[in-house]
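As written, the chains take the letters A, B and C, and residue 1 is the first residue of each chain.
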Amino acid sequence: MNLLNISSPHATRPGNTGTVMLTVLAALIPGIAVLSYFFGPGHLIQICLASATALLCEAAILYVRKKPILFYLTDYSALLTAVLLAISLPPYAPYWVTIVATLFAIIIAKHLYGGLGQNPFNPAMIGFALVLVSFPVEMTTSWSAPSALLNSSISIQDALRYIFLSRETIDAITMATPLDLYKHQVEIATATEIYQDPIFHGPNSDASIALGWQWVNFAFLLGGAFLLWKKIFTWHVPVSLLISLSLLSLFIGWDSDSYVPLSLHLFAGATMLGAFFIATDPVTASTTPLGKLIYGAGIGILIYVIRTWGAYPDAVAFAVLLMNFCAPLIDQYSQPRTYGHKKAVRGLAKKD
Amino acid sequence: MNMHHYTLHDFKGGIHPEQNKSQSTGQDISTAGIPKILILPISQHIGAPAVPLVKVGDVVLKGQVIAQGEDFVSCNLHAPTSGVISAISEAPVPNQSGMQDTCIQITTDGNDSWPPIKGLDNYLDAEPQALIEAISQAGISGMGGAGFPTHVKASIPASKIDTLIINAAECEPYITSDDALMRENAADIIKGIEILQAILKPQQCYIGIEDNKPEAIKALQDALKENKDDTHGIHVVVIPTKYPSGGEKQLIQILTGLEVPVAGLPADIGIVCQNIGTVRAIFQAVALGRPLISRITTITGDTVAHPQNFEVLLGTPVQYLLEQAGCDQNKIQRLIMGGPMMGFTITDNQIPVTKTSNCIIAATHNELADPAMEQACIRCGMCTQACPAQLLPQQLLWFAKSSNLDQAQAHNISDCIECGACSYVCPSNIPLVQYYRFAKGEIKQAKADKQSSEQAKLRFDTRNARLEREEAEKAEKRKARAEAAAKKQAAKKDAPPTEDATAAASDPAAELKGLKQKVLASQTRVDKARERLSMAQEQNLDTAGALQLGLDKQIEKLAIAQKNLEQANS
Amino acid sequence: MLLILISIVALVILALIFGAVLGFAAVRFKVEGNPIVDQLDALLPQTQCGQCSHPGCRPYAQAIADGLDGINKCPPGGESTIAAIADLLGVDPEPLDAEHGEEKDVKLVAVIREDECIGCTKCIQACPVDAILGAAKQMHTVISDECTGCDLCVEPCPVDCIDMLPVTKPMQSWHWPKPVAAQLIITDKG
């Protein structure tokens, strides 16, 4: 009889980090499905490309760092980073954009900081931001129009060609994203005029929503709700993010003749993906309950500010990265009040 | 009984681990019997160890005091059955460290003979002091886990207490000993509570019990109904099942909404908490005069064929109990004393049941899996959600891992109750509690070191002051003597010398002896120095030069000493 | 010309205002610190063994404060003490100066073999913290709680009856070590 001698607790909940990551991946499926339905197979190809790059790169780094490769690969964190990155990128971005973004995310943003759990910035968003500022042309001209607006849907061959071979005829299928369009149009036109653009119309409706995009956002919202129900993360970040974004939009941008309306803010960009899958990345977010509220609200505000007054039509990546900077500070100053204490601790201990 | 509605106050955090209680509640409590040998650690409670009153070979009767708590915060220990003291020695005791402690070993004779015992008559009218004395004599300490001497808690002035809380939550998985006790002995428990009420005179008394024990709740309520007087103010409060609602601090929070202040006691907010098992022991001690010699212990786990609750004599080795319950001891992978959340593993099945052993889990590998390899903390915050003390376990982990004790302390690591909720939920399988235990231990050690270094400094300074003072006194005396001598001289000059000057030394013999000793000591020192030198030379150390110098000096000193001695001799 | 004059005046005024603010802050938020010697002394282990070649810890603290001695001369304190002093003084930690002795990893305590003691009081005189009890020609004994393990009493004993034994830790002061899995991950960081 060889009895174990270990510290309590002896019971633990089954599962590990890999389970958490896989659950998040599973929650992404509806979003990805809707994306592909409306925008063709581009995202699926990007996902495969980014995943392969990420896994190979991660394995190579683990090898160099002399760490058990399989043990770390099966935490699926590299895979999740790759998938999040791939669905943030425009579906028909050239392959090298995706590869550069993924490599940068895994090598610089993750492993140079010490690997999973140590990275201060969201790796997927670092990769995204890098290619956004480095290759603006490719990044802004690779969003396809929703399939309903195209004569024929995009075949896999076409998609592969656009991504890997030639971008010659890509103009035929791409168009500006609705947020981009609205932002530029609103300077010269009224809301009613802008809504004339087919992208703001479902085939038979004329609501102020973006074709296809609302369903994409809805699908990500669904996935997020699933994760909330599975208690993978708490409600704090997404809710405070959406509330702060909505409030700003209602107070500042109530006039849809001069500002992007709330419905587009919530359902036309990467808002739901950002709120439920990117801002909630545990490693880089705030971890205290109060801190999460502040963190989420900060992202919401930044999204609104950058979308409205900044140079970029969508802003989730920059908003998240900027708040990543603040997360450690927020954590220090938002500690909960410990049981039995009169006041919560604020900040780090003073040295004396 | 009037129905009360209680506003329950939830506590933050908490988890819902699998209960695993039903296995051991199928049977009534049975008596485990008398093993051949009982092993009784003298320290089964918090406070000073009890001092043995018996010698090896003494014959003891059941219930006889065999070790006495001499300090106020200590507990008596009684012989659980009759027999002969066969050893008083170090033996493995229930403890995380696996270290040994002094135990009194009794070889039982099977007669199980009591000396005559008698409880207090009309105990409810007795003076509180007499009741406390009876509790103290019976050697009762908290039976829920911590083992704090009960008479100490009972001695809190009644004026300070307005609420008595009886902890019947039993929130840890697997454990059902309190449950079984309540089902079968509810009446005793109520009487025990009445005794505590007579001592502490609280305004209200709550029995906090989780809603997963419907039979026990019913039994308690029935027992209360039987009680003729329904103004006794005892209320059975059913609380939702959530771990760790049975933690003293958490139960207080649930029932009253108050928090025990940091570094304080429940008494600071007018509350005393007692475990249900303790209450029964109080009843037995006061009403029947029966000391604490047995307890209810759950034997459970997948290797046990008949998981059940036993009435166990204190000191019964775990192995004996496992045999009684039909356990396949070869299959045991992990043997736990206490629950799966806060209990500790034992590696020796001869370890005895003590006053605090509420449960023994003999688990297989499948039941409680080996700890998985630790992954990196992903800061998911699940631990923060689970922590009932409202700490930030992931921050504490960070500080404990880097041995940053200052920051760990600043983040209130000392308020961690080690409930294990955080480790339970952690997806990265980090043994968080062990990290905290490590950090807490280091902090404690650092504090102790600091204290002893301060003490040393104080003693050093005092000694220096003393030496200075002595030096000053000597100088004073010398001066006085010189003055006296001068006076004498002056006087001598006046008067003609009458006698030869007295010898310089008052006692030549003593001086001679002293000198001899000096020579001897000097000799040893020379020898030692030689030895060291030759050793250094052999090993070719570069300290040889210095040692040579030292030796020369010693030899010189020896020569002087010898010369002195010769002079004195001649 | 006027422009220059105005800017100079403005600058002077600004300088005065900021100066006043800074001066006020310096007075108002002054940190009442212990004299450096006290702080140093608090970091030393107070073993009072003299291995640093000073008669006790405080004189050594004084010597460090006066810049007369290095910070790496105290063997009982070892690396952790050196690190703490370096941190306090804002200098780089140095390795322990081996000339003064080596850091022991177990705490020692002096124990007198009492039947061999001749009661010479030599050890009492040597003990820097008065941790030895006894009178002339009577058996001596060490109060082990007060002994700092400094070793100073061993040498003077004429009959060599003092042993330095490792302190046995009571069960209560045992605590869990740092989990090993973490070390595994740290070491394979490589």
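As a working rule, a residue touches a chain if its C-beta (ideal position, glycine included) is under 8 Å from a C-beta of that chain, and two chains touch if they have at least 3 such contacts.
As the structure is a prediction and not an experimental result, all values here were calculated from the model.
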- Greatest centre-to-centre gap (Cα means) from subunit C is with chain A
- Note on the structure: More Cb-Cb contact pairs, comparing A-B against B-C, go to A-B
- Note on the structure: CA centroids of subunit A and subunit B: separation to the nearest Å works out as 53
- Interchain centroid distance [CA atoms averaged], subunit B/subunit C, Å: 31
- Task: Note the residues in subunit B that touch 2 or more other chains, in rising order.
- Result: 96, 373, 376, 431, 434, 437
- Task: Spell out, as numbers or ranges, the residues of subunit A touching 2 or more other chains.
- Result: 7
- Message: Please output the residue numbers of subunit C that touch at least 2 other chains, ranges allowed.
- Response: 176, 179, 185
- Item | subunit A residues touching subunit B - in the complex, by the definition given at the top | 1, 3-13, 15-17, 19-20, 71, 75, 77, 115-118, 231-234, 282-283, 285, 287-289, 292, 331, 335-342, 345, 348-349, 351
- Query: Can you list the residues on subunit B that touch subunit A in the complex?
  - Reply: 11-12, 15, 17-18, 96, 98, 173, 249, 253, 259-262, 264, 329-330, 332-336, 338, 340-347, 349, 361, 363, 368-373, 375-382, 384-385, 388-392, 394-395, 406-407, 409-412, 415, 418, 420, 423-429, 431, 433-434, 437
- Message: Please output the residues of subunit C touching subunit B within their complex, sorted ascending.
- Response: 41, 44-48, 56-58, 120, 122, 128-131, 145-146, 148, 158-160, 171, 173-179, 181-182, 185
- Which part of subunit B faces subunit C closely enough to touch in the complex? 93, 95-97, 99, 101, 373-374, 376, 400-401, 403, 431, 434-435, 437-438, 440-442, 444-445, 448-449, 452-457, 459-460, 462-464, 466, 517, 520-521, 524-525, 528
